[in-house]
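Okay, handing you the structure first.
Read from first to last, the chains carry the letters A, B, C and D; within each, the first residue is number 1.
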């Protein structure tokens, strides 16, 4: 069975290669091929899962060594895979959700002339993401890590003719590169410390090095995770990434890629366990992002950006949980999986709504859609209930455990982290209710499609004409079926995992687990969560359910306006990094031209000038030459006399 | 009187001649200055001859004279042809050597 | 200085007197050579200096050279100079104004430096012994020279001969102008004049007959102004045209004054 | 005596140059094919060299040695180690692409005059450069190396100055002036370096008594040849200066943007991917081999200069408005990495630097050639003149993107392997330098993506609306390069196998050992590697 692991990656990679190099001949069948290969990957994953379930808990790790990748003295990097329970979880999530989204895209991208390429990119993403979770060393993980970055770049910028999309893609890649710097430094640190960067030896001997070194490695890994998982301070790209087609947002920027950071932290648990400082920083980053994303989510009128804020916030929960150490790892992953279901479902629902509304993304121009799009409404509603943590649904189980674990961290930080998590839950309830109410309830606030000038800014997937009023309609089967499947996951996954601690037992051999002792009882935490949840929903109802929503956004408070602008982080980046960078490069161009080149050109010019002067001595007058001759003779005589005198 | 004085005189005449070469522009005068320099040398040679008590210095002076004669012949011919083409006897007019 | 050395290096008082007087004159002559405006004057000064040098040669026992100096240098070479000066223009005076920037200062500086160094060098050398030519001239002075020239310096002598011949040929080649085309005949010349139509008749004669007996005086036009055309091209090129128009007027004035004087005297005598 | 394979490998392109130059004016297509044929023959010979080279064997193989100038101990000595084989392979590989990409570059210069044969001249010069570069990689006699190191300037000068880029914003006269400025600058910079090196070469002879690299290295290793510390340092500086100009290292780099900007894209590839490699190669072979102690002495300064090159080159690349100059500055940044790897003096760093030389050649060739195709279509080198090309010419845009991704060292493409090796190698000995160098990763992404965004994405500009996609000839040039980039990125083992022994020898020359990891888990790792 081990030998099948490579096929998990190979299948979608083959799809990407064929679809991207195949040319227009494949235009008609390309999307089926892509979907098929994604499904094949899922099938192989399922087979391996079945095989793994058949083994004992300690014997579940499978390995496959393909070949030595970079054989250099003292440096061994292998193309080798490791499939354990943690990787397996991800494989199933990635290939499962991935396949569903392939199916969804068949309908969503129907009108796009470049659909073949879209599927090629999606396959490329799947391959890279699977490589990321299957790698048995950090360097190979890095390959997948950058690979998903590339796929994300290509997919965000899929509609490249839109300058905003191209810019967003570039921004995503660049911000991720900053994170990648962290990862590469972490790998270099590992290499100098352990002489290797394969998971097994590094994690096994993590305890043998100093805590300072582990903290350094941990912080660098955290930097990488921040870039990929859009955590503060590297979160700014995620909102812009919503320029990509909606299935991309669902797959990459909600369910899978952005959770890679969590995977990285959990995978490197042994390192973090030895570095409490790094853990604390991780938890703080998670908590800050949790609030940050939630606040941003409250202010956005763009449905996808509101969901993006929510994604950020939910990943903040996961990072927070991962930062808690062994008491949180399992719940981080559990929340990751349930989040994968409901957030993908929510995004697909948003895509469906946009599909029916002439690609309008402004929620203020929605309203009352529940009657026109019943399936979307129901699936989106279930996802909504799941994310806010409605009792019994997925989010309830996973989020509740994280809040509990945060309190269980103990001490002041436990209280602070727990309260932040609790507060986050309230805000989540608020903004998700807001999205729900603005989209599906209330009166119709539909607007005619923007005119041709603005049309360039709109996703061209649906063939609508400018100036036309939207005719909301339910999406085709290829789109609704994945939504339904994901809705099932949103409803039942949490319960399935949590009841009987199934998920805990499954992952514990890999991540380890220790039971925390929260200062308050688990029931209290649950009840408190329920209470803040109710408050959040109630406030949202009061603001958006009871009274009509204005079509143009009110000016709002200072916080709202800041939140609309992503809490001014972009402005900060713009002023400090972009402007500063521009000035730096411009002045360096000047320096290069005038100083570095100037010195050389100046030398040349002064030699030329000196020659010009000397040339003037050559005036053609025989008498002048005679003077120099005569002077020369005099000097020679003087020299002779001097020599004699000496 | 110390016969070395002849040498001093020769040196003085030589220097005057050289200065003349540098100062004068008229090719003919310039040439005369060259002759003056040559004569100064001859004087020195003759004085040396007397000092050393052999005739070699005089022989050299003699050769110098012959060579000077040849030189004058050719030099004056050059001056004449130069004057024919340029209508000027100034050395500064023959300054085509400059860049 | 020891007495013996002093005696060996001493010369007669007569020679000393001669040296100081003639030496001074030689230096003055040399200075005049380089400072005189007119080439003729320079040549004459140089000739003088050379004659004095001939005397010094004689004083130093180089009788042959002294004579040769007078005959060859002063007699032949300097005459050659004078011929050339005449060819080029006797009266043409040089402007002593320096045209090359800094040349004169540099020349003076170099000259002074060089001279001082030379004199210092001579002073520095240990030239105290004066052997005299007594032994060398024992077989007769000219014979002694001849013996050296035809034995030790015979090759140099031969080469000098070759040099002289070469110089003579070179001088001829340099001054000789090969005719590259047939000389125009009288007929062709007149035809060209007619064709160009600038000056059909022969050029007007210089003012030789009217007032003056030299060819450098231009003929006067009816209004009394001199005509350049009447003077030879060479003189014009040299700028040696003499303007005598003023002279004529002055003469006229003088005539009038004299006549007035005479008349006045006559009037006075009345 | 064995078949003189190395001589023949260098002689074939030289003969090709002569024959190409002799083709009559009317048959210029024949000249092109002839040149291509000879470059392919050279490639085959280079393949043979690689095949006959035994990685486990002697340090220098396929050696040839003949007396040349006996009075000065100059010998005609050739021999290759793994690094040489890799770089000869790179050169022989790239030149056919350069010729194919420059197929029509000399056409605008053609006139009706039967005497004036620019096409023949262009291709003959390219082959001449190839011959000289190959023999530089082969020479194990310092003097022999020096001669060809300098001689290759002459054909390069004519290639830059005589066959410049026609795409120019200014008037023809201005363009010609800039071209000749670039060519003269190239020549003067490199000549200055070369002159200083000549002094050092003579100095080396005075000290060592011969020019043989092998003998001197052996004598130094055996301790029979002592150099005074200062002498060694001065000689090292003399050699290093010439190589740093050629490489080019900050602040001696300013000739490169001019030369690459003004030359046509294939010639620019020749400059940066082939000729400049002689500089870095020579640092590894001559500076480290002949003057190990002085190299260690100079390491801190060289590392700082390399770091400055990396960051400075990248920042300037961001600020460029001209596509080709941007690539030139990116190259300066990459050369910084190569030099960093060489002077980090770890086996990872040096293996990485050697791989980097090859991979940088491939990636820059891919990016530059596609940029050249792009420029030839629009007739402008300014980034601002493009926009939305992706929409009208997707294949061109795609290949451009892959070239760009290779330049930014995306994992999975060949440059990543080398860049990471350099970084790890540097980091393990000089952590701060390693961290500063990683900044280059971010900046590389910045300039590449900015370039791609501004030229390829966004609304389609009116001037590029009719731009044709890549033609078959052009695709044929780019596709193998891209395939190689991917292939060597995924499976670099053939290359590392050749290079590793040579690196070990160099490491023993400088008597350096890799730093040991803090926690010894090496045995377990080795097990995992099986």
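One rule holds in what follows: contacts are C-beta pairs under 8 Å (C-beta built on N, C-alpha and C of every residue); 3 or more make two chains touch, one makes a residue touch a chain.
Chain identities (UniProt): B = NADH-quinone oxidoreductase subunit K.
From a predicted model like this one, the values you see are computed outputs, not experimental measurements.
Touch-path distance (fewest steps) from chain A to chain B is 1. Comparing each chain's Cα centroid with the centroid of every protein Cα atom identifies chain D as the most central. Taking each chain's centre as the mean of its C-alpha atoms, chain C lies 75 Å from chain D. Spacing of chain B relative to chain C, judged by their CA centroids, is 14 angstrom. Chain B and chain D have centres, each the mean of its CA atoms, that are 66 Å apart.
Distance between chain centres (mean CA atoms), chain A to chain D: 36 Å.
Among the residues of chain B, those touching two or more other chains are numbered 18, 22-23, 25, 92. Among all residues of chain A, those that touch two or more other chains are 619, 621, 623, 627, 630.
Of all residues in chain C, those that touch two or more other chains are 100, 103, 106-107, 110-111, 114, 118. Contacts between chains, counted with the stated touch criterion, involve the pairs A-B, A-C, A-D, B-C. Chain C meets chain A in the complex at residues 100, 103, 106-107, 110-111, 113-114, 117-118, 120-121, 124. Chain A meets chain B in the complex at residues 615, 618-623, 626-627, 630.
Residues 188-189, 250-251, 253-254, 312, 315-316, 318-320, 346-348, 351-352, 388, 390-391, 398, 405, 410-412, 416-417, 420-421, 423-424, 427-428, 431, 434-435, 438-439, 441-442, 445-446, 449-450, 452-453, 456-460, 490-493, 496-497, 500, 503-504, 514-522, 524-526, 528-530 of chain D are the ones that touch chain A when the two sit in their complex.
Chain contact summary for the complex, chain B toward chain C: residues 1-9, 11-20, 22-26, 28-29, 31-33, 35-36, 39, 42-43, 46-47, 49-56, 58-59, 61-63, 65-74, 76-81, 83-84, 87, 89, 92.
Taken in their complex, chain A has these residues touching chain C: 619, 621, 623-624, 627, 630-631, 633-634, 637-638, 641, 644.
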